[in-house]
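Both complexes shown next keep chain A, but they swap its partner, so chain B is in the first and chain C is in the second.
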Partner chain A sequence: MTQAATAARIDDEGGGSRLSAATLIGPATIVVAAGIIIPMAILFRYSLNQFKPGLMMVEALTLENYIKFFSDPYYLTIFSTTIRVALTCTIICLILGFPLAYKLARTETRFKNLLIMLVVLPLFVGNAVRAAGWMTVFGNKGFLNTTLISFGFIDEPLEIMFTETAVIVGIIAVNLPFMVLTLQSVIEGVDRAVEEAAFSLGAGPWSMFWRVLWPLALPGIIAGTILTFILGMNAYATPVLLGGPKFKMMAPLVFGQFQLNNWPFGAAVAFLLMLTTLILTVAANLLMQRRYRR
Partner chain B sequence: MAEVKLAGISKRYGDFFAVRDFTLTVADGEFLVLLGPSGCGKTTTLRMIAGFIEPTTGSIHLGNADITSLPPWKRNTGLVFQNYALFPHLTVEQNVAFGLEMRKVPNAEIGPRVAEALRLVRLGHLTDRLPRQLSGGQQQRVALARALVFRPDVLLLDEPLSNLDAKLRQEVRVEIRELQRKLGLTAIMVTHDQEEALTMADRLVVMSEGEVKQAGSQRELYEHPADRFVAGFVGRTTFLAGELAGDGKFKSRGGLTIACENKTAIKGAATLSLRPERVSVAAAPANGTENSVPGEVEFVSYLGALLDVHVRVNDRERIVAQIANREGVYAPSVGEKVHVGWAPAAASVFAGTGEAEE
Partner chain C sequence: MNLGRAILDKRRLGRYLLNGVAGFTLLYILTPLIFVTWLSFFSQTIPSFPPEGYSLKWYAAIIENDRFVSGFILSLQLALISSTIGLIVGVPAALCIARYRFRGREALNNLLLLPLVIPGIVLGIALYVFHVETEINTGLPILGSLLGLVSGHVLIVIPWTVRLVTASLAGFNRTLEEAAQNLGADRWTTFRRITLPGILPGIVAAAMFSFVSSFGNLELSLFLVGPGRTTLPIAILQYLEWKIDPTIAAVSVVQIGLIAAAMLITDRYVKIARVV
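Let's look at the complex of A and B:
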């Protein structure tokens, strides 16, 4: 065959695979474009508008909403609280989730599917309902305080309800299943024999974990932390219900601005929330991947 | 290197014995092969030596140290896995260095020792590759280098050749054996492949249903199998079911009366085992051998240097003879009337019929 003919044939095949790729990716792309990119673009445009009481939104091309956010300590505190809560929840989810996911991945009983269902079970209840449940536990006359008092461990009820701790506990409860499921599926793909090989070569459990299991599970760790971090940053129901009126995070703030009809500022806050989540996620990934490039 | 002493080790799961009362000493520098069908307990035995399974009873000594309840990472055993189990995220060099790093060998010493180990397995040129960039044979050799580099007291091989293609397997067999001799390693290999076992071992242990059936050299196992199972598992054989008549004769169920070496100890049902290469085929009754049986050739399989001739001797029984494929040697064809003959010493008789057919 001549070179030209070969090239033409390869081109043909290329064309064919391009076509099938388009049919495979197309539908989802359209949904993403219509459902996310277009609204985000509109929101971004809104964030550059002005808000005039009485007139609501006024067409403009200004950064004053963003300047307002960064120059007011009130908003900056909300901003840092949100990042702190999301980070704390993610780290605790990873620490709690890894052993659980490992055990789940290495279990060889016929009840395995049942165990996985148990992990997912909390997700069967909506966020708001679950938060209501936590309220009955954390409240001054809630389960936790009455139990502790009746056993004489404390005299005064602990202030848990409407604190950051309550919110963190609540968000962890929501996010943990996502972390566990993501880690479990990746750990299952790590050959058990590789762990045994490490042991036989003289690695104790701790060395085996850091030198073998952790780097091999890294894709799952990255996916799991991204998922829980995003969910933590954008938590709405839990901070509202467990944090109370004084505790503020970004998602409730966004919604609050829309309720006040201040769409430009709400849009700017929403945009900042998304951008921060994106930047922190990408930065963390680059950092982790650089350490284990191979 | 050191000797390995297994004293009465058993592994029980509920009522099931995976391994029962295994006692054996592997000498310093010996290449021992555990041979048996799947589920016979050979892998469980190896994993008990490696430390992944704790024996229910019994003790394991490595050199002078009792390692029975030591975790795997404190045992100094070099283990080669069936699927190699290389670390997929580490290069060849890093894989081999792992055992040295775990033993806190000084960095300056690790480099030369890794290079030496890779040179031994002829992979010095592939140090920077990742396992997935290597062929099966190369991965196997990395696994071997990784298990040898820290000078283990014993090398444990868990069906190390079963994932290689037939031709490569033959080469690697020789390579492993040469390496083991050169380094004076004590080695224990598990396999279900009798040919592999026969070509590699100094000594073989045949296992079945968790028990040692026989331990010995190739010749001992082949020529003096302890029981019916060993006779059937090591080499090929024709089994005839029947019973001993008492006067040194064996009466088969098909009606043959066969002279054999006297085993008066066996009462009741018995099995006669006859190695195909000890059986001769002739057009006329043989006069030099005591046993000569007429029959008809039913099937001939051509093996190149050898021919397997399946001779039907009666309604229930067929005897296989293996003859050399040489000029001047009588080679019958299917349907021919022939006589098969053999010396009494060629047959072994065992108690019981097992699942004896033919």
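Let's look at the complex of A and C:
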């Protein structure tokens, strides 16, 4: 019996089958719905409340938290810094990630699995641990400054810790594995024969890349870019540890407001952060569907 | 002929450039891990280069540090409990998504993957206010409790289980199940003797990814831990906000080792390259 026939048979079983399907998926659905939809609804409701110092939260129905965010230059600067950092990291991740993704996709040796594990391992190690590694490199007597001074390139140690540069370097390292793995899976789907065809028709590597590989891998490039941008926007541990107390991005701002007990404003900032993320995801999906409908 | 040579030279140059950047990127990704490991063997407390000497004393000192030991134990418990619950509810859900055709299937699938899309910090604060409201309205002491922490972590492990087990079911040959049923096996026996062994690699991968994503989670836990209860990633973050020294590096190396071990064990069952 073919798979289609089997599927059709299950459908024909009617009521009993529907019941067992519901039993199978029910518990997970309830857990996720209760754990996401209800809390999100409450969070949104909180974002419309008022904050009164001393009283903490006062029930209200107002947009003043959102207006406060968009009318105060302090918060707008944080918002624009976040977008700037996320954008910079995304572009660099794409440039650095593509060659590695290509090598991984085209490697046939037994080292392939080992290489992929080396890319995946840092992903799971946690951002705080990786920030610790960068702190060792960037400190006043850290590896970078000591090396540069001993070679005579600089006389005074560079101030890298607690700067935007440090945060960007750190976030790129955090996001690169996501970019590489996304691109790799798409490049693997591109038939090698089309590359060879381009070469045998006289294309150089550069025009092969732009005219063959890039258009064919575009869905993965868009997916990887969006994922990396979202992760950059939402980075928490890296800006806190490498940027220091004065450097502010959106995710640390949410946590800071929550610590200051200003729940309504914290909720509003969290909601704006999520909205930016969701709009981008949806936009990317629509873009891809329109391009690849055929 | 000259043109042909020029193209070949260009291809060779392109290949060098490609290999160079690929190698640089891999090194870039691994740099923080290399340096944190190096620092953990320094003999002096200050992370200054070149090191004055090497020592293993920081590893011995971890055991005496209460925050790290209790954080490690809590993270371990949390990851074990959450990934077990994640598998119990996630595997049946994956079966349903892979095997049944019904209206709203795609929507349900997306719902189950949603926890991976929502920013950790946003989900964390949402769960916190949810727990506040629950405690006010029902009196259930969930705020900052282990139950609250587990329920949050279950959310982030479900998508991994659903995704990996669904993928593994898609590649499973259903005629084997047909054959078992034709030979008189009932549904449960068929599942236990045929389907389960067939998708075991997917389940092992799901368990591993669930475990490490719960163990390493920082953003959700930040909002859900209670007084006197800290997970290992939070303990590491708080220590690093204060200072960096070989002690914290040694703790980090222990975590790296644990996760590497989990990956190597999983790799014996299912090639990591095929599931990520």
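We take it that the second predicted complex is superposed on the first by the 245 of 294 C-alpha atoms of A that agree within 3 Å, B and C clash if a C-alpha of one lies under 4 Å from a C-alpha of the other, contacts with A are read in each partner's own complex, and residues count from 1 in each chain.
As a convention for this text, a residue touches a chain if its C-beta (ideal position, glycine included) is under 8 Å from a C-beta of that chain, and two chains touch if they have at least 3 such contacts.
Just so we're clear, the structure is a prediction, and the values are computed from it rather than from any experiment.
Visitor: Have a look and say if chain B or chain C is in touch with more residues of chain A.
Guide: Partner with more touched residues of chain A: C.
Visitor: Taking the superposition as given, does A:Thr62 touch the first partner, chain B, the second, chain C, both, or neither?
Guide: The answer is neither, since A:Thr62 touches no partner chain.
Visitor: Regarding the shared-chain residue A:Val240, is it in contact with chain B (first), chain C (second), both, or neither?
Guide: Only chain C is touched by A:Val240; chain B is not.
Visitor: Contacts for A:Asn261 in the overlay, against chain B (first) and chain C (second): which applies, first, second, both or neither?
Guide: Neither chain B nor chain C is touched by A:Asn261.
Visitor: First (chain B), second (chain C), both or neither: which does A:Trp134 touch?
Guide: second
Visitor: For A:Leu216, is the partner it touches chain B (first), chain C (second), both, or none of the two (neither)?
Guide: In the superposed model, A:Leu216 contacts chain B only, not chain C.
Visitor: Output check: A:Leu43 vs chain B and chain C. Expected answer is one of first, second, both, neither. What do you get?
Guide: second
Visitor: Touch check for A:Thr77: first (chain B), second (chain C), both, or neither?
Guide: After superposing on A, A:Thr77 lies clear of both chain B and chain C.
Visitor: Return first, second, both or neither, reflecting whether A:Phe199 touches chain B, chain C, both chains, or no partner chain.
Guide: In the superposition, A:Phe199 touches chain B and chain C alike.
Visitor: Hey, what residues of chain A end up touching chain B and chain C alike?
Guide: Correct list for chain A: 199, 202, 204.
Visitor: Tell me, which parts of chain A touch chain B in their complex?
Guide: 191, 193-194, 196-204, 207, 211-212, 215-216, 292, 294
Visitor: Can you name the residues of chain B that touch chain A in the complex?
Guide: Against chain A, chain B makes touches at 50-52, 71-79, 81-83, 85-91, 98-99, 102-103, 130, 146-147, 150.
Visitor: Flag every residue of chain C that touches chain A in the complex, lowest number first.
Guide: 7, 10-11, 13-15, 17-19, 21-22, 24-26, 28-36, 38-39, 46-50, 88-90, 92-93, 95-97, 99-102, 108, 111-112, 114-115, 117-123, 125-130, 133, 151-152, 154-155, 158, 162, 174-175, 178, 212-213, 216, 218-219, 222-223, 233, 236-237, 240-241, 244, 248-249, 252, 255-256, 259-260, 263-264, 267, 271-273, 276
Visitor: Name, in rising order, each residue of chain A that touches chain C in their complex.
Guide: 1, 3, 6-7, 10-11, 17-18, 21, 23-25, 27-29, 31-33, 35-36, 38-40, 42-43, 46, 96-97, 99-100, 102-103, 112-113, 115-122, 124-137, 139, 141-143, 146-147, 170, 172-173, 176-177, 180-181, 199, 202, 204-206, 230, 233-234, 236-237, 240-241, 251, 254-255, 258, 263, 266-267, 270-271, 273-274, 277-278, 281
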